[in-house]
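This is the structure, below, for whatever I ask next.
When the chains are written out, they are named A, B and C in that same order, and each has its own residue count from 1.
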C-alpha cells in the first residue's frame, strides 16, 4: 500500500504527498515505520471488514437505509421515561451544539478555548441557581455516576462508610452505586411507605448512625413521587452527622424548591431534560453540586471551572481549578476517576436555561404537573386500572397498576404498540411488590389530545 | 458585575509590603572545579585554585539567576543581600536595589559570615533565601536557618550532593518566581556532609547533615491532597500508613534516615533520628541512632523472625544506600537480603530523580545484588517499580 | 507558508456573562401552554404542594430574548479553537476530521428522538448498526465481544478493572489478587481506575529506552497480581517491543491484561490487541474512530473482551436470528452496571459510518499516514534549537504521537514549554499538549498530528514552533507574557486555586466580590 490511497479524509495518503513524506523521513516502505513492533504479532493480511463505500452519497444511502428501520418518538406516541425523557428541544439548542467550533474542541485550555470555558462556567452558574449551591462541577457521565461520586464524597469528608438509599430509588442507579462503592462503603436501603411511596422516616432514624456518611434520595423519585419530607430527611441526616445527597431532575426546579435551601449538602442530577435530545440514551449527562467548603471542594472528581480576572481592566477569564483533586494528577492515589464526559450537553443546558428563563421554567413545571395529574385522573377512571398507585404528589411520572384487569403490563404495552403508542416502563420485574405496574411519563409535549388518546387506547386494551 | 456595570477587579488582593528575598553568595564555591580541584574548603585550596587561574563561578551564576527573577518579579519583591562579593555586587549587577544585611571584610569572607548573615536574614523576616555555593555552603545555611525559612540553591560547587540545589541558574530562578508568584509548595530536601578530603582522593563519603525546606514546582505534584502545601505531608502520611499496615509482628525493622522514613516512626508514635538509623520491633523503638556494629549485633541477637530495612533516597542523586545511611552497610545488606528492603519515596521525589535510583555501598558485590529493579512504596496501596543503576 | 500567521488574532468579543445580560420581562422560548380544559379539570396542582418542597422564589435564570441568546453563544463558539477551524495536534487526544456527513445522519429523529427503552422491533436500525459494529470492532481488535455502554475512555478503563476484579472473584481468588500493574506513561486513568476498583497499584517506571522493561515486570509480579493495564505505544510515542513477553509474564502469574487503546490510531490494521495477547481492551470512539470530541464529550468507550472474560461483560447483548435483532438483556454474570441505558449510540453510528467509509485499506492508510505524518514532523522538530528527543538510546521509530523536550531551551533562555504553549495561540493554532503526570520528561511537549492534515499544515505548525523558539532566544519577553492575540488577556492563575478567590458559579463570585 505504499503507492497511496486517495481518500477525502486522509490528505497525505495520496501518492504524491506520501512519496514526499517518505523521502523526507528516509524510508522506502511504510513497513519501516513499524520497526519497533515484533513481526510475529503484526497482522499478515487486511482487516476483515466490509469493503469501503467510496462515495459520500452511497455511504449516506447505506446508513440511512438502516436507520430508516427505526421508529422514533416522532413516529410513536411516547409515554416512557425512567431516566431519559422526551421534552421539547429549542432549535437554538440544536444550533449551538451543532456548531463545529464547540463540537470539535477538546483539550484547549482557557486561552485558546475561552468561549467553551465561559459557556461551561455559565452552565455551572445556572445549575447552581436551580439547586441553590455555589459549587457545580463539569458534567459527569450520567446521573448515576454523579450520585456514585457524591455519596463517596460525603463518606470521605465525614470519614464514614455507610450510605442510606430509599428502596424506591432507581434500580439501575442503585446497581451502579453498589458496583462503584463496594470497595469502600456499604449501601443499605431505607423502607418506603407502600401507600405513599415516601421514605419511612422511622426506618431512616433507626438505620442512620455515626457510621453513616450519606443519606441519598431522589427528588422527584424514580417513580415520580415528590418526597414531601425532604427537609425532615435532611434534618435527620444532619443530626447524625451524615451528609444529605439529593438527586434531582432539574426541569422540576421551576416548581420544586432548591435542595440547597432545604438542607442538601450535595445535589446531583440529570442534564438531559435541559435541551438535549434523548439520543436513545446518549443524551444523558450528570452533574455534582456542593457548598463552597474547602474540604468538600477537594473531593469533587470533575473539573471545576473558576472565573478569574484577566489583565485587561474589566475583562475576565476562566481556568480549571485545583487539578490536583482529579485523577489526572492523583493517578494511583485516586478515589474517583474522570475523563471525557458529556460537556456538550453542559453547554446545551446553559443555552436551554437562558432561553427558558425563570418564568418559562415555572410554567413548564406547573404545566407538567397539571398534565400528568390530568392523565392520572383519566387513566384512573378506566376499569381495573389504578393511577397513581401512590397517594403522594408527583412530578412528570406516576405508577399505573393493571392487576385488576388481569392483563400484564407486557401485554398491555404490546397492544398499545400496535396502536402506535409506547406505554410506560414495565416495573413488574424491578418492583415485584407493585404487581403489574408501569411507569408513565407525561411532559410538556403531551397535549390534551395525546393524553386523551392514551386513555382511550388503555381503556380498549385493558378491557 | 451585575447591573450591566463594567467589572471591577473584584478579587481582593491582600495588600502588604512586598516580600523579601534574601541573597547570599559563596564567592569561592566552585573555584576548584574548572582547574581540576575537587572542592575549595580551605584557604590553601582557594589559593591553589587561584594559582591555576580559576575564576569564581558563583557570582556570575547568581547574576544570571537574579536577572531572570527580576525580569519576572521586578519590584514586587524586595531584596536583602549580604555585603560586597557575598551578594550585594551581584544584586546590583542584575539591576536590583537591594538593602545590605550584615557586615564582612570585603574580599575575605568566611563560612562564619554566611551563617551570621543567614541568621540575621531569618530574624529580619525574609520569605526566601537564595544562595549560591556547594555542599559546604548548604551546610552553613542549614546551621543558621534550619527549616525556619525556605531556600533555593544556585549550583556553583563542584558536584552537588545536597538535594537543595536547582539544576542550573535558570531553574533556580523558576523556583524563586514560582514560590513568590504562584505560591509553590515547599518540601524538605537533604543537606549532605561530604568528606571533602576523601572526595579529593576519589571516594565519596557522605553523611546526611540535615534538612532544608525548598520550593518545588506544582506540576511535579502527584497525589498530594489539595490544601496540604507544606512538605507534601499527606503523601508522607499515606506512605507511612501503608508501611505500618504491613509491618509484621516480631520482625526487626531497620529504619534509615530521611523525612519519608520519619513519617513511619511518627505513625508508630515513636521519636526518631532524622539523620540516623533506628531499630524498631513490634511498634517499639529498640535503639536509636545506631552504628553499623550495633546493627550487625542486633541481627545476630534476634533476626530470627525476620528483618527488614526501610530506606529512602538521600541526596540529590537518588542514592537509597551509600549516601547518608552508610550504617546500613554492604555487610548488613548481604545478611538481610535484597527482598527484605522496603524502599519508600513520594511520586514527586521519584519524578525529580527521573525514576532512576542509585546505590553505592562501597562493595561492588552488594551493589550488583541491589541493581536491576526494585519496588518503591509511593503511597497508600501504591508502589512503583524503578530501575537501580549501579 | 501559505498564511501570514503572525497577523492572526482570535475573536475577542469581551462577551459578558449571560447572567449579566438579563433584561427583566424578556423571554427566549415559551413552553407549550396547558390546554384550558386540563387546567380547568385539575386546577393549580403545583400550588398545592407542601411549603417545604414548593419553590418560593424563582431561580435567577437570565431573562433574554431569543436572538440575544443565540448571538451570545455563537460568539462564545467563535472564541474556541475547535479542530474544524484550525490545526489541533494535541498529543494523546487523537484529533482528526469528524466527517460532517455523520452529523447529518444522527441529527435526525431516527437517532436523536429514540427513547432508550423502546421495544426492539421499533429500533431495528440502531440494533443492526450496533450488532454489526460489534463484529467490526472484534475484527479490528482481535477480541470476541464488545459493548458500547461506557461513556468515555476513563470509564471504559474503569470497566476493564471491574471485569478483571470479577474474573478473579468468580475463581475464588479475589481476596488474594490485590495488585494491578500499570506504567508511568499510560494514561492516568490506567492507574486511577484500578485504585478506585480497590487495587494496590504498581506503576512500572520506564527504562533507558523509554518504556518499562521485562525486568521491571518480573520485579512487580507475584501471586497477588490481578493483571496489567497499560497503553502501548505509550503517550511518549514509544512502542514497547517486549509487550508479548510482558503479557506472558502476567498470564503465567495468573493475571489478565487490559489494553488501553487510546493510542491505537497508528496501529489500525497493523497489530491487534488480541494478537498481542491481551484479554481486554478499550477504544475511544471519540478519538480513533472520528466521532467529534464534543468540547470534552460525548465520548464512547468501546470495551472489548476475549471469550474467557465475555461472561462478565456488561451492557445489553444484541442477538440476530437472521431476520430480526433482539436485545437479550444483560449477561447473567455481568459486572454491575457501569452507565445507564445503551451508551452513546449516536457515537456508535458515527464510528460505524467511518469504518464503512474506509474499509480495510482505508483503516490501514489512516494508521500509516498518522505515523508517517508524526515522523515527518519529527524530522522538522529535531532541527529546532533547544529541542531534544528523550531516550536517544531507543533507535526505533516513534509512533503516531511523540514526546519531545524543551529542557535545553529552558536552560538557555528561561522560556518553558508552558510559555511556548500560550504563544502558539497567537499564531492561530491550538496549543500542543505538555504531558500527563508524572512529568518524567523535563519541559515536555507531545505532538500527535493524526492523518487529517496536509503537508503544508504540518509544515506550518513546525514553522510556528520555529518562530516561537526564535523569539525565546531573541525576544523572550514576548513569549513569557503571551498570549497577546487570544480571546482573552492574561488570567490570574493563582486566584483560581485560592479558596478565598475561586468562584465556580456566578452566585459564588458575587458573594466573594461583595465580602
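Keep this in mind: a contact is a pair of C-beta atoms (placed from the backbone, for glycine too) under 8 Å apart; a residue touches a chain by one contact, two chains touch by 3 or more.
None of these values were measured; they are calculated from a predicted model.
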Pair joined by the larger number of C-beta contacts - A-B, A-C: A-C
Most central chain, judged by mean C-alpha position against the global CA mean: C
Between chain B and chain C, centroid-to-centroid distance (C-alpha), Å: 38
Chain centre separation (chain A, chain B; CA means) in Å: 49
Between chain A and chain C, centroid-to-centroid distance (C-alpha), Å: 19
Residue numbers of chain C (touch at least two other chains): 17, 195, 201, 203, 437-438, 492-493, 495, 499, 501, 506, 509
Of all residues in chain A, the ones touching two or more other chains: 294, 297, 308-309, 314-316, 322, 329-333
Set of chain B residues in contact with two or more other chains: 10-11, 222, 227, 347, 378, 381-382
Interfacial residue positions of chain B with respect to chain A in the complex: 6-11, 218, 221-227, 238, 347, 378-382
Residue ranges of chain C in contact with chain B within the complex: 17, 20, 184, 195, 199-208, 212-213, 215-220, 410-414, 416, 434, 437-440, 477, 480, 492-495, 499-501, 506, 509-510, 512-513
Residue numbers on chain A that touch chain B, as the complex places them: 294, 297-298, 308-309, 313-316, 322, 324-325, 329-333
Residue numbers on chain B that touch chain C, as the complex places them: 1-2, 4, 10-12, 68, 71-72, 167-168, 170-171, 173-174, 181-183, 219-220, 222, 227, 347, 350-351, 354-356, 372-375, 378, 381-387
